[in-house]
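Paired with subunit B in one complex and with subunit C in the other, subunit A is shared by the two complexes that follow.
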Partner chain A sequence: MTIFAFLGPAVVTLLAIGIVPLGFALYTSFHRYQLTNLKKTPFIGFDNYVTVLTDQAFWQAMGRTMTFLLMALPLQIVLGLLIALLLHQPGLSLLKTLCRLSLVIPMATTYAVVGLLGQVMFNIKYGVINQMLGWIGIGAINWIGDPTNAFIAIAFWDVWQWTPFCALVFLAGLSTVPAEIEEAAKLDTNSWWEIVRHIQLPFLMPGLTAILILRTADTLKLFDMVFTMTRGGPGSSTELISLMIQRVGFRGFDQGLASAQAVILLIITIILSQLYIRHFYSEAQR
Partner chain B sequence: MRIMSYLGAAASAIALTATMATNEVKAWSLEEAAKPYAGTEVEVVFLLRPGYEAAKQMLPEFEEKTGIKINIIDHPYENSLGEQVRDFVAQGDLDIALIDLVWIGNFAENEWIVPIETFTSNPDLADPELDIDDFFPLVLNAFGGWNGTVYGLPFDNYSGLLFYNRCMLEEAGFDGPPATWEELKDTYGPALTKDGKHAYALQSKRNETQSADSFARMLWPFGGSFLDANFKSNLLSEESQTGLKFRQDLMQYMPEGIVSYDHAETVNGLAQGDVAMITEWSAFYSTLTSPETSTVTDCLEIAPEPAGPAGRKPALGGFSLAVASQADEDEQAAGWLFIQWVTSKANAKKYLELGGVPARQSVYQEPGIAEQFSFVDALVESWQDGVPEFRPRFAEWPQITEIVQEWGTKIMLGEVTTEEGAEEIGSRMEAVLDEAGYYNGDKPLAQ
Partner chain C sequence: MNAATGQLGGVKVSRQLTAWHIGFLLLIILFCVFPFYWMVTTSLKTQIVALGTPPAWIFEPTLANYTEALFEDKVGASLINSLIVAVCTTMLALMLGTPAAYALARLEFRGKRDLWFWFITNRMVSPIVLALPFFLLVRQLKLLDTHIVLILIYLTFNLPIVIWICTDQFRSIPRSLDDAAKLDGAGQFHIFSRICLPLAAPGIAVSAIFSFIFSWNELMYALVLTRKAARTAPAIAVSFMEGYDLPYGKIMATSTLIVVPVIIFALIASRHLVRGLTMGAVK
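Coming up: the complex of A and B.
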């Protein structure tokens, strides 16, 4: 009874906010579930899944999402690591404290606000980005209206918002490196890279695994920032998979198809997470 | 004696007539009609646009007279359909539906809204001054009617108009706006596109703006349409293709990145003097004439949209208000009283003066109105010659507009040709219509 009393509320809450909606999404994914025509919701087996898996637009959106992930995540990791290593250097403690505090600001800003800021700052005519480029002699760039530039702009914006997260996680990892080991290593070698590679990096692997899992999941479901900044356009150039699912489910009102897309996305996310855990986390455990 | 009795009868008749007349005058008043519903709360979705701000300013008078409380839920246009659909599906709180003309089929077929006949046939609720014939017939039919039944009364009413900067045109040697699309492109385009300024901007962002303001706007004046008489795609017809190719040609005179321009960017382009002409909804009149939001108020002029080979066929859009069937009896009655009042002939002038655009013919005939509001002549002319099915109004439009938005933008970006884009839109559109049952006779071919 005690176990049930302690676990019960958590289990009920999890069921209510996690499992029930997931179960409903699974149910609708096997039905023709058009929100504007709920008089006819026949069971259609795997039809929605077949439609999704054979839909070129779905795989194009998935491809864009993966490209976005491969562009933004490595940059966030590299820049975050560099910032963490700089902040890990001894001295200038007041400046470092200020830097650590300022790192929290982008992360604390709401996604939608970040997107709206981007829409204004990347505006071809009145945007501050083009104004700054003008100071160094670069002409106005059509950021939001050009398919390639729009994609670069949302990737840049994501890097701006989430590099601090990587930096803070790495900084936390660096603080776990025993000082005596670092000092001993410095006696052995003058090479900065050798110390990073052999002493500090092993302590960063759990953090790196967490970053990979969290940021991959976040990117796969990234919606607000892109929606408010470009709404997936121009054309489909910034329509990431979550935007596509939202479009199908809440603008086209085809909840059945959108649910099938979401279930497939969930499966892909789980597979990627498992790969990360097996590869990186087991590496860290060794 | 006989004379006396005649006089007596005449006096009685006069007294009776006077009493009847008094009763008739007293027979209906908003205050009396609303008495049983005092304290009722009515939920309605409003948009963040000038017409709604006007209605909000009028609301205190209604609430004071009736005791009915109108609770407004503000949404940007992009969210308003989704919010309402979810509310109606979940049998939520909305008592009045705000219906874009392209949603009317959807709302009516799902029985989410009540025909106005339910209320107009009830003498306790029907204002004898309602005068339904005073609404522009095109607007009443397109915004509030579906399959011969009227569900909503036109509330926030638009027609596409040509807003132009007279000073820029005069500087380039023109003494008036272009009368035809061809003229706009071939004569005005080259002369006005220079020194970082552009002759014309066509809002084309990938949302309803792409399908309504950009894609459809170039179909109808050239004789094209979305569907033929059999509900098959008409986008590959010579006329539709001419219109779509014209749009591609016209892009050379538009600002770069026009596919990311929504209403705000387009209106702002004209308001800041960067663009000489735009075709926008009449609702943006107050934005363009206010010195707070426009630098070209002294140069602003308005004309009907240019004509194409098939005639003027301006863009038609707007919203009606209808009573929601999910509301209880009191809420329905209170909701109807509000709709009837806010769209009434008596309030049309006030609504217009506060920044709204009423669909009442009578208000535009009042002396001084055309002089005070320079868009009136163009608007009235546009509402004589519009196309109700400018965008098909059936229940499947939300799915079809998504297809048009995606492929319409791809056409503009040059990712596909007009033929390839039309082919894609056509086949996907037909698949949606097929599934809905238009081709096997399950549904009537109504749009």
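Coming up: the complex of A and C.
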């Protein structure tokens, strides 16, 4: 009884707002369900799934999402690690505190605003990015109008926003290295890389795995920033998977097909989150 | 100045290293802060200045964009919408989440592990998966464009974060306090509300800040589930992006109004940011 009184409200609420819509999505995914014609919604079995799984556009969006991840994530990890190591150096505590605080700004900035800011700063004529490139002798670049450049631009903002996250995660990892071990190693060798590789790396591994899995899940979720900056365009060059499902469902009005896409995305996500949970929480839970 | 490299390098080398160290740190700060700076300065430009080529760094600032956005374009109302939604969903998440977290931390029952995992899994689910069916259901119920819909759907990410942070917090409170109260004849709910809840205040505050930030920043559900009356600030800011002659100053003024409160909150909670964002995978 007590247990139900404590847990019941939360469980019932999350079931109602999380699982019920999901069940509904599953239902629509097996029907022809077009927003423009809701009178006739015949059962069509796995047709929507077959369409999605054989649809080139769907796999292209998936591929783009993966390309995006493979472009942005390694940069975030390398830059994040360098920043963390820099912040881990002794001395300059005031400047380091300032730096840590400024790392919070990109992470906290509303994702939608990042996209809007992207439009302003990457504008071909009025943008400050092209002005700065001009200072070092590079001519104006059409960032948002060109497929490849637009892709680079959204990857840039992802790097801007999430490198600080990687840096802070690594910094937290570095602070778990026992000081005596680090001091002893510094007497032994002069090479900072040796210290990173042999002493600090083992302590960075949990953070690194967390970053890999969370960034993957977050890239599959990524919508706001890209939507406000490019709407998936030009063409479909920046249409990541979430944007595609949104377009099919709300701008193409084919809810059945979009639901099937969403269910497939959910299955991929569940496999991923199982990985995540197995990895981190199996020992933490008693 | 602190000698960065200790006894090995000698004064000259360590000075040089310190200079590099300072230089890189300044570069990082610049990289993080510059877009924010550009947003704020652009919000203070008139349309003519904002559309100058090359972009102006020095100009006469004006607050016209703010007055226009706030009073003519309903940004004020949308900020109030955002505030209503974020505050209500946070309160609701705390009301539902803290007892659940307490039960997960203190009580023993079958399936506890699975239940806890289920709460946490919600962190990974893409909102688009829920946005589609939720939209259809809400439309059937004629609840489109109301605050309550956003308040409820935001619980899908707020409730897990509250439960996660608070479970951890309750676990750190010594059990002996519970046992002592039990000897005095206090019921479970009394122990929870009178003894554990006040002691868990720091964790509750942190989870409230996270819940507020996530809700305040959310765009996709707001875009799909609201039209006019309950439109939140990010969704309004996006709607300015339509048409050819983009009002850059006004868009950036709205953006600044949205971002500044979040950054203040995030700076307050900055020590817990990593734990919150990784759901505790990294301490």
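Keep in mind that, in the parts below, the second predicted complex is superposed on the first by the 269 of 286 C-alpha atoms of A that agree within 3 Å, B and C clash if a C-alpha of one lies under 4 Å from a C-alpha of the other, contacts with A are read in each partner's own complex, and residues count from 1 in each chain.
Criterion: contacts are C-beta pairs under 8 Å (C-beta built on N, C-alpha and C of every residue); 3 or more make two chains touch, one makes a residue touch a chain.
Quantities reported herein were computed from a predicted structural model and do not represent experimental measurements.
By the touch criterion defined above, A:Gly235 lies against subunit B but remains apart from subunit C after alignment on the C-alpha atoms of chain A.
In the superposition on chain A, A:Asp146 makes contact with subunit B only, while subunit C stays out of contact range. With both structures placed on the common chain, the touch criterion links A:Pro164 to subunit C but leaves subunit B unconnected.
Looking at the superposition, the partner that touches the larger set of subunit A residues, subunit B or subunit C, turns out to be C. Judged by the touch definition given at the top, the superposed model places A:Lys125 against both subunit B and subunit C. In the superposition on chain A, contact of A:Gly134 is made with subunit C only, not with subunit B.
Applying the stated contact rule after C-alpha superposition, one finds that A:Arg247 touches subunit B and leaves subunit C untouched.
By the document's definition of touching, neither partner reaches A:Ala179: not subunit B, not subunit C. Contacts of A:Leu7 after superposition: subunit C is touched, whereas subunit B is not reached. Once the two complexes are laid over each other on the shared chain, residue contacts for A:Ile17 go to subunit C alone; subunit B is not touched. Across the superposed pair, subunit B and subunit C both touch subunit A at residues 125, 250. Taken in their complex, subunit B has these residues touching subunit A: 81-82, 85-86, 89, 106, 110, 205-207, 255-261, 274, 395, 398-399, 402, 406, 409-410, 413, 415, 436. Note for the complex: subunit A touches subunit C at residues 2-3, 5-7, 9-11, 13-14, 17-18, 20-25, 28, 83, 86-87, 89-92, 95-96, 98-114, 116-117, 119-121, 125-128, 131, 134, 160, 164-165, 168-169, 172-173, 176, 186, 190, 206-207, 209-210, 214, 217, 220-221, 223-224, 227-228, 242, 245-246, 249-250, 255, 258-259, 262-263, 265-266, 269-270, 272-273, 276-277, 280-281, 284-285.
Against subunit A, in their complex, subunit C makes its touches with residues 1-4, 6, 8, 18, 21-22, 24-26, 28-29, 31-33, 35-36, 38-39, 42, 50-55, 95-97, 99-100, 102-104, 107, 109, 113, 115-117, 119-137, 152-153, 155-156, 159, 163, 188-189, 192, 213, 216-220, 223-224, 234, 237-238, 241, 246, 248, 251-252, 255, 258-259, 262-263, 265-267, 270, 273-274, 277-278, 280-283. By the touch criterion stated above, subunit A contacts subunit B in their complex at residues 35-38, 57, 124-125, 142, 144-147, 150, 230-236, 247-248, 250-254.
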